[in-house]
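Two complexes, one shared chain (subunit A), two partners (subunit B, subunit C).
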Partner chain A sequence: MWYVLLLIGLAAAASDPYKERRTQYLLTSQRLHVEQLERDLHALEDAFGKLSPDVDPKKVRQIKARVSNLEGPHCPEHQGQCGGDVPQCINDLLFCDGHEDCRNGRDENPEVCSLAPTHVGSSYTGVATWTSCEESEPHNAVVTITASERKSFFPARVWVRAVLAFEDDEHSHHVRTFPLRGYYNFGRRALVLGPELGTKPLYGVRCYFNLGDDDHADCKIVAPASLSICAHFSANRY
Partner chain B sequence: MKTLILLLAFVAVAMATECDNLTRLKVKAQWRRAYSSGHNREDFAQAIWRAIFAQAPEARSLFKRVGGDDTTSPEFEAHALRVLAGFDITISTLDQPEALKAELDHLEKQHEGRHIPDNYFEAFKTALLHVLPAQLGRCWDKAAWSACFDYIATGIKGH
Partner chain C sequence: FRQADTMKSLRLLLAALAVVTAVLADHHAHDDVDKLVEGINRITYQIFEFEHKLDARLDPARIRRAGSLEARVEALEEPSCAEHQHQCGGDDPQCISSLFVCDGRVDCRNGEDEKHCSLPTNPGDTFVGDVVFDHCTKRRPQHITLQVESVSTAKFFPAFPKVHVHLEISSDNDFEHAEASLPGDGYYSFADDELVIYPPEEDGLAFHGDFDGHNFDRFVGDIIHTASDEACARFIFHRK
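Let's look at the complex of A and B:
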């Protein structure tokens, strides 16, 4: 009996129109409150968006590379840096040959042994400034890899063929080309090119991929015998 | 027609590099640059031997006595340096035929009876002819090295 009475009472309370409006009122004001918070948040986001964005990780890599180029310790001739926390230099003939020679094994690291710089068709271009050898205003120079081969029994080098081309005269657009051959050295991250067999030994090229990635290099056009520098250019991969 | 063929054959012979006096001097000078010293010499030797064993893995068995199973073992490092030292003597005396003959005879005696197949000498040559330009980086003459290496190898093999 008591239960029935209680149920009737509850039903009466729920259907009370005044109470329902009161609930609606509370809900609406809560919603308005949330909307206000949202507006505040958007204003904050806008203000945040106006601040300068984070630096591109690529840029950070490049700056780190430039700092470490200045820091050293530079390895002696014929040697490359193992990197990591404890510096160690090992001979560049032992990089990427399938045998770990660095204490930290970095001489076989896939990043160190990246073949990207030697991919056929890779072109490295920049504005060459001549300091000797040619009487020429600064102009574009291009080094293009035309062939590459890695011997299974001596994987520490990738043998490449390439072409060096630069504009001789900016009015006539006459371009001179020089067939080259040489190798890529993983340990020193160096592309080393000299005159192709049977061609006049006029120029060689040295490119050091020491700017933190496989797409930028510091290149020099050199005399092939003395390696004295004729021109230099900051190369970008094309 | 016959004269033309004869002429062509003559040109071909003239173009193939032989280990003549000037070639020997060239090889000698390039070896001086490549042979280097200290740690770099050990690593130069190491690279050559890794390339040899990569081509002819069965050849390792000949070097059991000198730690050939691990090319970085001190015993094998010593052996590799000994080999290069012998090779250095032959290259250095390329322009002194009598001294060269004496060294080649000496090396022939050390190698006889070991039953070294010719293809092991070929593997040595191929290894040397790849590590050398990698070490030199510029200005090297493969044809000159090929000719003079063959001359030395023939002296050691005795045939």
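Let's look at the complex of A and C:
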């Protein structure tokens, strides 16, 4: 009979009702620990999320561009900066001509040779403040590229046609337009526009894309012969 | 016999039940443990992700880059301290004598003058410079290599460690290829983050290496006429 007793005892031990509850208790308390940790972590993450967000890299690029503009041009007239860490100047006729002239090859860099500023349909607009030529309050001015051509034998320039339009008067919404033609200079990142053939030589436009990207430019409306400045506007592309 | 048979089958049944219960209980616990491990893994992953986000903000390379940009703006601004004085900087501008920077005693109210005192030009360091312009050197090299041979710091005057360097110049002209290794002596100034080498030759051309105070892997090296203090050649140096 002893082994019957033993078996019953074993069975009782195996089906110990407290063992399972003990296990459950341990498991539950561990789970609570983990949940508490998770809550603490989320509280930390919330606090972190309330801090000011990271700065847009675009903004950093613009600030860097403004600082280097203040540091001044290192290159004489008709020369462009090779950029990078070691400054070097080369003639702006050598930029984007398919032949590396900078020691670091930056004159053929796709970023430098970006055609974005000359894309047909690109519009550059800003509020023009007139300092001479027109007696008008500050109004929107728009320069729109209408055509562009790059000669295969002289790729250092992109020849463009454009239209300058500005509002004359806020109330009448009278807009004056001027057809222009000119070129884009990669080395100096300059869009230079003068009056179209056969039109009255009233205005020209010079825009410098010196703010770190292809979407912002420092533009001036000038008198075409003397290049004296009539108005100034900070242009955004759209 | 019949009774014994019944007993035997009952015993068997009991044993089987015990095993099943045990297995069932174990199985149950096993599932819960798996879930627990899963929960721990999830939170570990989240903690790592959070840590990554924090590290991205504290990245020393980023802080250095921002500091270099700040130094460029400071260079554009008017100097805020008189000559031979050092700006303590921070939110609490204060000018102290350049001789007091890194001398082992705190002189700035904010203690800035004793915080950045590790020498960027240690024995064995090599910097390679690319020419920007050159109107005066004899050899007109494209590159100059600056090798730091030895450094000695006077115990009683640690603000200006003495530095001994070799300037390796290799030049090519139409007729010959020439190499020169000019030994030069000078000092490093913590106040101006500047390495000054006295003229190694008789031509009176000294060397000034100007660190921006944040990025110590790069500096602007100017060749200077000692008489007029005018820079006549410039090289941009990078740590090799």
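The definition used in the following text is that the second predicted complex is superposed on the first by the 222 of 238 C-alpha atoms of A that agree within 3 Å, B and C clash if a C-alpha of one lies under 4 Å from a C-alpha of the other, contacts with A are read in each partner's own complex, and residues count from 1 in each chain.
FYI, contacts are C-beta pairs under 8 Å (C-beta built on N, C-alpha and C of every residue); 3 or more make two chains touch, one makes a residue touch a chain.
Quantities reported herein were computed from a predicted structural model and do not represent experimental measurements.
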Touching partner for A:97 - first (subunit B), second (subunit C), both, neither: first
Quick one: is A:172 in contact with subunit B, with subunit C, with both, or with neither? Answer first, second, both or neither. neither
State whether subunit B or subunit C is in contact with more residues of subunit A in the superposed arrangement. C
Name the contact category of A:52: first (subunit B only), second (subunit C only), both, or neither. neither
Using the superposition on chain A described above, determine whether A:71 touches subunit B (first), subunit C (second), both, or neither. second
Which parts of subunit A are touched by subunit B and by subunit C alike? none
Which positions of subunit A touch subunit B when the two form their complex? 76-79, 90-91, 93-94, 97, 99, 151-154, 156-157, 183, 185, 192, 194, 204, 224-225, 227
Listed in rising order, subunit B residues that touch subunit A in their complex are 36, 39-40, 43-44, 46-47, 50-51, 54-55, 72, 126-127, 130-131, 133-135, 137-139
Residues on subunit C engaged by subunit A in the complex (per definition of touch): 7, 11, 14-15, 17-19, 21-22, 25, 28-29, 32-33, 35-36, 39-40, 43, 46-47, 50, 53-54, 56-57, 69, 72-73, 76, 130, 132, 218, 236, 238
Can you list the subunit A residues touching subunit C in their complex? 4, 7-8, 10-11, 14-15, 19-20, 23-24, 27, 30-31, 34-35, 37-38, 41, 44-45, 48, 54, 63-64, 67, 70-71, 85-88, 103
